[in-house]
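The structure appears below as structure tokens.
Each chain carries a letter (A, B, C, D, E, F, G, H, I, J, K and L) given by its place in the written order, and its residues are counted from 1.
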Amino acid sequence: MDHVYKKIELTGSSPESMEKAVENAVAKAGESLRNLRWFEVVDSRGQIEGGRVAHWQVTVKIGFTLDD
Amino acid sequence: MDHVYKKIELTGSSPESMEKAVENAVAKAGESLRNLRWFEVVDSRGQIEGGRVAHWQVTVKIGFTLDD
Amino acid sequence: MDHVYKKIELTGSSPESMEKAVENAVAKAGESLRNLRWFEVVDSRGQIEGGRVAHWQVTVKIGFTLDD
Amino acid sequence: MDHVYKKIELTGSSPESMEKAVENAVAKAGESLRNLRWFEVVDSRGQIEGGRVAHWQVTVKIGFTLDD
Amino acid sequence: MDHVYKKIELTGSSPESMEKAVENAVAKAGESLRNLRWFEVVDSRGQIEGGRVAHWQVTVKIGFTLDD
Amino acid sequence: MDHVYKKIELTGSSPESMEKAVENAVAKAGESLRNLRWFEVVDSRGQIEGGRVAHWQVTVKIGFTLDD
Amino acid sequence: MDHVYKKIELTGSSPESMEKAVENAVAKAGESLRNLRWFEVVDSRGQIEGGRVAHWQVTVKIGFTLDD
Amino acid sequence: MDHVYKKIELTGSSPESMEKAVENAVAKAGESLRNLRWFEVVDSRGQIEGGRVAHWQVTVKIGFTLDD
Amino acid sequence: MDHVYKKIELTGSSPESMEKAVENAVAKAGESLRNLRWFEVVDSRGQIEGGRVAHWQVTVKIGFTLDD
Amino acid sequence: MDHVYKKIELTGSSPESMEKAVENAVAKAGESLRNLRWFEVVDSRGQIEGGRVAHWQVTVKIGFTLDD
Amino acid sequence: MDHVYKKIELTGSSPESMEKAVENAVAKAGESLRNLRWFEVVDSRGQIEGGRVAHWQVTVKIGFTLDD
Amino acid sequence: MDHVYKKIELTGSSPESMEKAVENAVAKAGESLRNLRWFEVVDSRGQIEGGRVAHWQVTVKIGFTLDD
């Protein structure tokens, strides 16, 4: 059978690390979507407050199966 | 709290200007989504009719908050 | 009237050809969306099994009208 | 019938706005070509004189039908 | 002797396949230009009608010799 | 004589238009630098508030002469 | 266990189609490498002879497992 | 009021992690600049010594307010 | 003396972090190659299982000296 | 007055150097076009024969004034 | 110790060659900055006068150490 | 017959010029590979020592025939 995947683009943030920002985005996607398969990092940036990195912000595309 | 944002990609059009094309896309997004935060211009193009620019077409990614 | 289009990103797959992979993605999109207008190829890749191409996987952005 | 389109690359300029720079490029193309169909913005820049923007310069690809 | 090549950008279309869209563009170029040497695929997209791919549209740069 | 130019990267913003955002960036650069020559648009985006575009934000590289 | 993959870059050619050009590259890679897993299309171009497409040339990155 | 931001490009390094390399660049920028607002990761690389990663090197653009 | 470097492209994976994925790729390269000098991150992605990030997959180019 | 410029894409070649390849392309363009103004290097490559560089091939976009 | 580098972007020009244009940019940077370490070519272009290349213009990013 | 080509990525360096850096990379490749056909410049950079360009470093992809 031929699968079809959909990709959505989310930006996760975290005060801790880039990995944690990605995990937050994936967790959020998992609240409303089943069958998440992979992610691709699109962009990494962050907010600076008081001269220090306050939030890591990582934009990911998340792919999931559309078949049922 | 760690926010998560989603981005969608829309193409707005307008006979007037590139700004108006963007505003049309944002207005359309606002009909069904709350908490729109920012847009990023991805692509600018347009249709030519009778040797003149008939429509400006601007593709934007629009980011909005997923948290509630 | 000023149209607004939305683009979604799908990956279709097929054991036959890149065209068939695109057609599978478009057909899947058509199950839940009306007014599909165009697609743009974003990425072409595939799986190899037993030293041969097993699946063609083509990612497309598909544009459709949001007006009603 | 299968259309074939050709694209040419022009840079229009205007002291007024980016839209006017595009329109100047399209108008110039229309002097020698019929059947212009669309344009794609490739690059936007401009000249600064006396500390102010003196000319907007927008490079576009302009597509037109080759069939007759 | 040092050759000089020129590249033009064409978009071919076909209801059948991406290869046929390229071949249509090359055939059209050959009507007015001799010494075509190579092509480079720049962009692949297409029109959707009735929920199905109606036309494959492939943009190519075509290189040809300017020497004589 | 061989000129050397330096480029700096600024983001201007304006509630009115993309052109005005660029002009604000150029005007700011002109407060501390002489001999501004050209700008190149790098990125266009903006803030959305209350479902409407509140600020246009355009990032430009601005080139100026280093010679004296 | 944590896999490591290596990617190599090959250009396959075929007088028939882009798919066949990819398959030729994959087949060649399979002569000396085991555990080929996927390919990514990097570039599509071709040679023109006598005003017609003579060879399709597709460059792919081919990924394979380094573990043993 | 319309803000204007300037972006500078720094490469931070760290033997520990990519996050630490970014934080070092931000800390260095903060020694001479006030009002740092955000960073964008441009490039990630590193030095290898003795077959192991010795330094993570991350290039970031750092944006700060020019208004006063 | 003029050095010549070769770059190879590897994808490392790790359930822990992006840094660990890079280190695994570097370690694997070091099993068969001496004189590894630097790496450049090309792409970051990962697998999702059970709604969580299961593996970080980072593709790097690794440069090493060819001289002897 | 508002100028409009056209850009064409040529590939020059030379057995000597990249500069000479560009100069050959510019000289060829000058045989049929007046008012050449600038060029932009798009791509640099070359042919290898007998294990040595035989021809440098540089692709340039050449801009010229369309006004008269 | 963890170094931090800053990159600035300069465009050098020369009537002679691309290398000389880079060297002029580096020399200019060296008038006001110590500890220059490397450059990266960003863009190569030039001015044409009288149908010939009049100036080579090469834009480089120049990296230097911020530590002291 | 359908050829298959492989591309490898090398960085050559030279204190003299960018062309010489490419030639050094090609010469090194020729020590272990036959049937080198073409190269593509990927990246140009260099080392600065004492405020002057000390080494030109050019990264090229070199293509060669895999058939025998």
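Throughout what follows, a residue touches a chain if its C-beta (ideal position, glycine included) is under 8 Å from a C-beta of that chain, and two chains touch if they have at least 3 such contacts.
In this text, all values refer to a predicted model and were calculated from it rather than measured experimentally.
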*Along touching chains only, what is the step distance from subunit B to subunit H?*
2
*Would you identify the chain whose Cα-based centre sits farthest away from the centre of subunit H?*
E
*With residue numbering as the guide, point to the option in J-L, D-E or B-C that repeats K-L in over half of the contact pairs.*
J-L
*Where the CA atoms of subunit G average out and where those of subunit K average out, how many Å apart are those spots?*
38
*Averaged over CA atoms, how far is the centre of subunit D from the centre of subunit K? Could you give it in whole Å?*
31
*asked:* If a residue has to touch 2 or more other chains to count, which residues of subunit J qualify?
replied: 8-9, 17-18
_Which category does the touching pattern between chains fall into here: line, ring, star, complete, or other?_
other
*Could you please write down every pair of chains that are in touch?*
A-B, A-C, A-H, A-I, B-C, B-D, B-F, C-E, C-G, D-E, D-F, D-J, E-G, E-J, F-H, F-K, G-I, G-L, H-I, H-K, I-L, J-K, J-L, K-L
_Going by the contact rule set out above, which residues of subunit I touch subunit H in the complex?_
17-19, 22-23, 26-27, 30, 36-41, 62
*What part of subunit C is in contact with subunit G in the complex they form?*
17-18, 43-48, 51-53, 56
*Where on subunit D does subunit E make contact in their complex?*
2-9, 61, 63, 66
*asked:* Give the list of subunit G residues in touch with subunit L in this complex.
replied: 8-15, 21, 24-25, 28, 55, 59
